[in-house]
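Consider the two complexes below, in which chain A is the common component and chain B and chain C are the respective partners.
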Partner chain A sequence: MSEAILEAPGSGAPETLANPVEQAISALKERFPEAVVDDPRDGYSGLVVPADKLTEVALALRDDLGFDYLSSVTGVDLIEDGKLEAVYHTYSIDKGGSAVVLHVQVDRDNPVIPSLVPVWPGADFQEREAWDLLGIQFDGHPDLRRILTWDGFHGHPLRKDWKEPFYEEDTKPFGSRWPAGGVLRAEELNPYGQNVQYPAGWVPTGDEYDVETEMYAITGADLAYSIDASQQMKTDKITVNLGPQHPSTHGVFRMVVQLDGETVVDLKPVMGYLHRNHEKIGERNTFLGNIPYTDRLDYLSPISNNLGYVLAVEKLLGSVVPERAEWIRILTVELTRIANHLWAIGFLLNDLGALQTPMLYFYIERELILDFFEALTGARMMNNYMRFGGVAYDLPDEIRGQATMEFLNELVHERLPRAIEQGDNLMTHNEIVRARSIGVGVLTRKESIAYSMAGPMLRASGVNYDVRKAEPYSYYEQLDFDIPVYYNGDVYDRYKVRMDELQQSLRIVRQVLPHLQATEGAPIIDGKPSYAIRTPQPGEAYGRVENPKGELGFYVTAKRRSSSPERYHVRAPSFINLTSLGKMCQGHKVADIVVILGSIDIVLGEVDR
Partner chain B sequence: MTTSNTGAVAPGVTVPEELSNNVMITNIAKLLDPAYNWARRNSIWPMVFGLACCAIEMICTASSRYDLARFGMEVFRATPRQSDLMIISGTVTKKMVPTIVRLYNQMPEPRYVLSMGACASGGGPFKEGYNVVDGIDKFLPVDVYVPGCPPTPQALINGLIALQEKIDQQSIATAPWYRKDDPTAGLVPIPVLGPDLVDLRQLDTIKREAAKAMAEQKQMEEETAVSPKPPDTQSYEIDKDKQ
Partner chain C sequence: MYGLGIVRGMAITFRNFVESYLDDIFWWGKGGRYYNDAALQVRQSLKGQGVVTVFYPEEKLSVPERFRFVPFLVTDDPGPGQKWGHDWCTSCGICAKVCPPQCIWIKRGTQPNGRPKPEPEQFFIDIDICMNCGLCAEFCPFDAIKMDHDYELASYDRTTAHIHDKERLSKPISYWREIAPKKAEAEAAARDFAESNKKKKKAKDGEGGDEPRLAEEKVRQLPYRGEYY
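Let's look at the complex of A and B:
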């Protein structure tokens, strides 16, 4: 068991390959002999880099060692050492494999780390998030404002000494509720009866509420006249708010757009309208208790999220997953991908003006997949299905009166191919679709890597990167499937990537079904299902999966024998994919913003967490 | 003599037997409410207002399998000015709640609020979160609560039928939105974002608590001659004796 725990990301790649991670780490140590050292902590595998050397190390990683993809930036509060830490996961697009992990530790009272935005623009929102929630100052960041809470919010909520208004105890289940049974409601403990608290001595005056000054100072205050060269006509730039209540924003997302006429000059996404404190709550939950919360991240593909989290914690626990459970995992995850893409395409066409028709064409097939999930897990959407070391339930005997295998076979061999073909015929060569999406929202290969794009966004820009191939998990290595790649990087190519991924997912599911039949009756979980899970060793783990939206990563650290994560961070693909939205929209018209946003395929539960 | 199903026997009016199925005898007061309610209950237009996960089930409800059109509710309007019903479909966060209240105020009366799912009804699994409002009913008057996380489309339809039944019980004579004495009666003060969410109706409480906190702090400082660093925020930990 302990071996598995030591094998955290960074050293997990198979020995047979010339391990690029080890090569990069030794090269870095050679180049920065004084500065870069192995992380001395038990169970940690990355490198510790001093803050003043970070930019140089990052440049060396990016330019010379081929680790050109910054996947995740995580802030950690090490309150016992009096330090704040930033953790960077970098990957190599060409070589694949696991991550080179950099840890930068700074003093808690003066937490200044150089910003990596000049090296990787994709660090932009992630650094803002670490500033917002942990108070790490990123020196040189172009726009270091709060992102998930609002300007003027009091404190940095993910610091361990910041207690929420409804704070009860450090870990769940709360002693006040169980097992003693004395139920106290949080409302009764809070003097306002609501989930609010104010700084000591703060008295409202009514003047301080204009909290968006900074927002507009950056986007809208620059109302300089610009001169149209051709006609010598003075035009005035205007600032327009789209959202948070807007039918095109796929939820509660807001864009502050600066327009010159109808042309977009600048666009700033504003988010946090669905920030429901996933990480703070996750650090108080038990490991098992977090699984249902992961459902609610990307709520169009809940089982996929389960898998990412479960993989991360399994690294900490050292669980071994039985064969049948792995096949069921792949089956459910790929069906989730199909269900997600069917609607992603439907929503995109919605945004293009084909209001609801394509979505309704795909609707019945998605409902059939949900019927399967309902029979399997008991819920249509929030499945809460994965467990550490397996899955929660075996396949049901029947689904809506039909034997399960018969139902699945009919679904993947007849219903779904037919629906996808129908959609393909209707949309792919449709004149309006092509006119509106070809050449719109272009992101080049280089930009998409620099902006840390993931999933279909990356693959539509000509980058052949898919976690299922780059760092295979579960049984994906044994399966035969292709990664669709397109090269124009526009909205149309993203649509086509998703269309092709539907076919590839079907191909995977078809290969999985015989295995399910062969392993019928085999165990679906490693050992007995356990509820009071404790980590045998301290350490960190990073689990990542190729979600329908892109790479979903979970960074989990734990102490020895702890029942809940010490730090629990989600690398949300929708959130990071939005980093490039402003860039993609520049120069396009207002109507194109809607389409470009639709092509990213965001889910606000995951953007805001 | 036949009477209608809406009123009592009208004295002195005779309806021939062959017309008994076609003629309804009532008076205007008794006719108005049922006719008015019948029209309204069958054309409740919800607002396109997806907050979170529940919105996906709301879309499913409106789609072909569950077919909200059977209830006259398929016309989702993107603007509050054309909507009758606000379905709070998901977690209400502090950052979002000023917008929600503003949208509610912009809806024309009669307006209804349906709280869909655990989060909207009471915070749900995210209740303790620092950015979560524990239930939209802290701010808006809710007509129907639909439990579930998320509620299935069947549950939402059940909630909408419950709303229709509620509308059936209403009368023009007593409905609050026809009161002429106070035109701002139905409006909810829009909360604002300060250091935390500020409910303007709670200003007095906030000032009182701030004064109390100041006094406590002063007392603390007097007690300990070497004053420690003042606490950053008021923290409301469980009084262990209470348990």
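Let's look at the complex of A and C:
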């Protein structure tokens, strides 16, 4: 465990007293005088960097100033200024703390920004996303193709002047609903098949190969079998599609794999089959109305998603969360983490060939956690539980005929530890599990940081980084828990990290329960709940939480007195963790692809958004 | 020893295999393990062990009070010969405004003199679009829209069966008291409290009024909306 994060700041040399972010910012301004300036806009923090200086600034941040982790790349359409903007959040793995934010603004008609993939390979998918949805061209990107929408998609949907087929108004609530309200289906106005636009010169042929030639070309293989004629043996390199309909891909996810015999030469993930433009919906929606939509991102840990979004908006609104609400938040979020990891481990073992058995043993326990959520929030999965400045409901009286506190105590002191121990005995020392997972899908410490990996993926590669410790939110600072770290970076270590996190989450919940008892009857929300929420001042906010899958970030900007976000971006851990999938799979066998994908623990609701 | 891990794992599976029959023996002669309410109760709780499967649709999981599925409209209890009583809905439109996917359509009623009537003329919910988030019920100031517990809404035709009109949505308050008794009681107490506060205010202005039935602290402790009530 790295002492740098756990120890209180200021215990060492005097320079640690200064905020590392401010230090880095002043160092950058010194090194690039006149080029790098503070963001002048009201409510914004960070630096404005000219596009031609971006690579130099990024290198300086990474190599000299210790901000070596690129967390998030966000594209923003500033239509009133006629500009497009890319926002980069960079963090320091060693020092923790908040982000150095870089804003790069370019002309809307000619939006060219140098790609940061040479500096941080983790920018790969995020830059493709910004190109796809906002049309920002990243100069020097090795593979700038659309990623979430398909090749025959017209326009860049997150631009403010782009309108969807069922467009009604810019923001909700829509005027047609009340008081005139005659019911109407959107498709009645916009009949199916007549609401599609194609790019100029595009002819929809219905032939998939025509559509996707570019993608196959990028994997380096011809569509025809290529015969690599060496002296003695002739081997064929063939391209195989795994998915999108395949039980091991955890959803509609496709991998284009180039194989040499059984060995993987190259692998390209293909996603977007579940794309619904969550961010556009978010920008149309009210602040409050977005909470239930965040449930549908990573639908295995909906309450954690709620928390990330609510934290971001609370920064804009300046809400204060009462004590009991904070404890309930931690309780629900940690139980979500347990439920998610039980699912993730169960599915990883399923992918390894331990068909159903460990998974079903864990499901029984997960169901009990969901029983608690159902009694607390009214839904097993789509909880919609957090509110700005608190939570929606207090703890229920009883769960399945048992008093709530009694149920929770029995669950975290007896039932779950027993189940985790049983799972541990069942799997950890199983020779088949070890043979299949040790040394498979290795990412080194350096690579995992460079690829912007997050969560258990990062910590299995020897990086001690957890948002709960690095930049504590809620009451995590007051709680006593450890961050499990393993150093081999293979599938087995990711499994071990998740197993240990289960124990740590139980430890946290056990500390939270007495606080819940002590604060019984206390308020659970700041002030009276209100549906008409408006931001008091303009600005940007970035809220991030340690989701079970990794760092989940919400970038929200708003104008003054506005009821819906101006820009709403999700830094989705599942999506960004996939960036390194190709790298991890190279040289392994086809059967290992399934295991490596299982160890990332993706949820397609979050990947595709 | 190589292979010990597998043997230990097999022992666990075997133990679970045996345990799955223990309950069959326990409920022998007590009405059986399945299709038995007492056994189902145990199977659903933390005490459940072995096979915990519920045989839907013959057996159903009980749903908690807060369970939410497609909303319904609350009316007064119907008089003799009536299907529903008076609507609680005043057609204020808050539910339609707060609805995240905008699945609620309300046509406000008009009085003969052309002024708005506090009663909806038409009320539609497109249940294909409804995401069961419960925000409408949460923010309705009149307790007039509530989340239902009836989750079996499958039908053969989405174009005709999935837009619920006012007739399909209306259910009497007695139904709500039946499916969510504690919640209904807490809400009634809070309404009483608000009502008597209003009366007290009027009393100050010169009219008579009576004391609230519940003290304010007591109302605040009513669990269903935390501090809100």
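In this section, the second predicted complex is superposed on the first by the 557 of 609 C-alpha atoms of A that agree within 3 Å, B and C clash if a C-alpha of one lies under 4 Å from a C-alpha of the other, contacts with A are read in each partner's own complex, and residues count from 1 in each chain.
Note that in this section a residue touches a chain if its C-beta (ideal position, glycine included) is under 8 Å from a C-beta of that chain, and two chains touch if they have at least 3 such contacts.
None of these values were measured; they are calculated from a predicted model.
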item	value
Partner chain(s) touched by A:252 [first = chain B, second = chain C, both, neither]	first
Which superposed partner A:431 touches (first chain B, second chain C, both, neither)	second
Chain B versus chain C as contact partner of A:167, first or second or both or neither	first
First (chain B), second (chain C), both or neither touched by A:261	neither
Which of chain B and chain C A:521 touches, first, second, both or neither	second
Which superposed partner A:382 touches (first chain B, second chain C, both, neither)	both
Touched partner set for A:536, first chain B, second chain C, both or neither	neither
Partner chain in contact with A:390 - chain B first, chain C second, else both or neither	second
Which of chain B and chain C A:367 touches, first, second, both or neither	both
Interface residues of chain A shared between complexes with chain B and chain C	176, 180, 182, 184, 292-293, 364, 367, 382
Chain B residues touching chain A - in the complex, by the definition given at the top	48-53, 55-57, 60, 63-65, 78, 90-91, 93-96, 99, 103, 119, 123, 125-134, 138, 149-150, 152, 192-199, 202-203, 205-207, 209-210, 213-214, 217, 230-239, 242-243
Residues of chain A that touch chain B when the two form their complex	148-150, 152-155, 157, 161-169, 175-176, 180, 182, 184, 186-187, 189-192, 194-204, 208-209, 211, 244-247, 250-252, 272-277, 280-281, 284, 292-293, 296, 299-300, 356, 359-360, 363-364, 367, 380-382, 604-605, 608
Contact set on chain A toward chain C in their complex	172-174, 176-185, 285-286, 288-293, 357, 361, 364, 367-368, 371, 374-379, 382, 384, 390-397, 399-402, 407, 410-411, 415, 422, 425-434, 521, 523-525, 528-529, 531
Chain C residues within the chain A interface of the complex	2-6, 8-9, 12-13, 16, 41, 44-46, 48, 52, 62-68, 91, 93-94, 96-100, 102, 104-108, 116, 122-124, 126, 131-135, 138-139, 147, 159, 163, 182, 220-221, 223-228
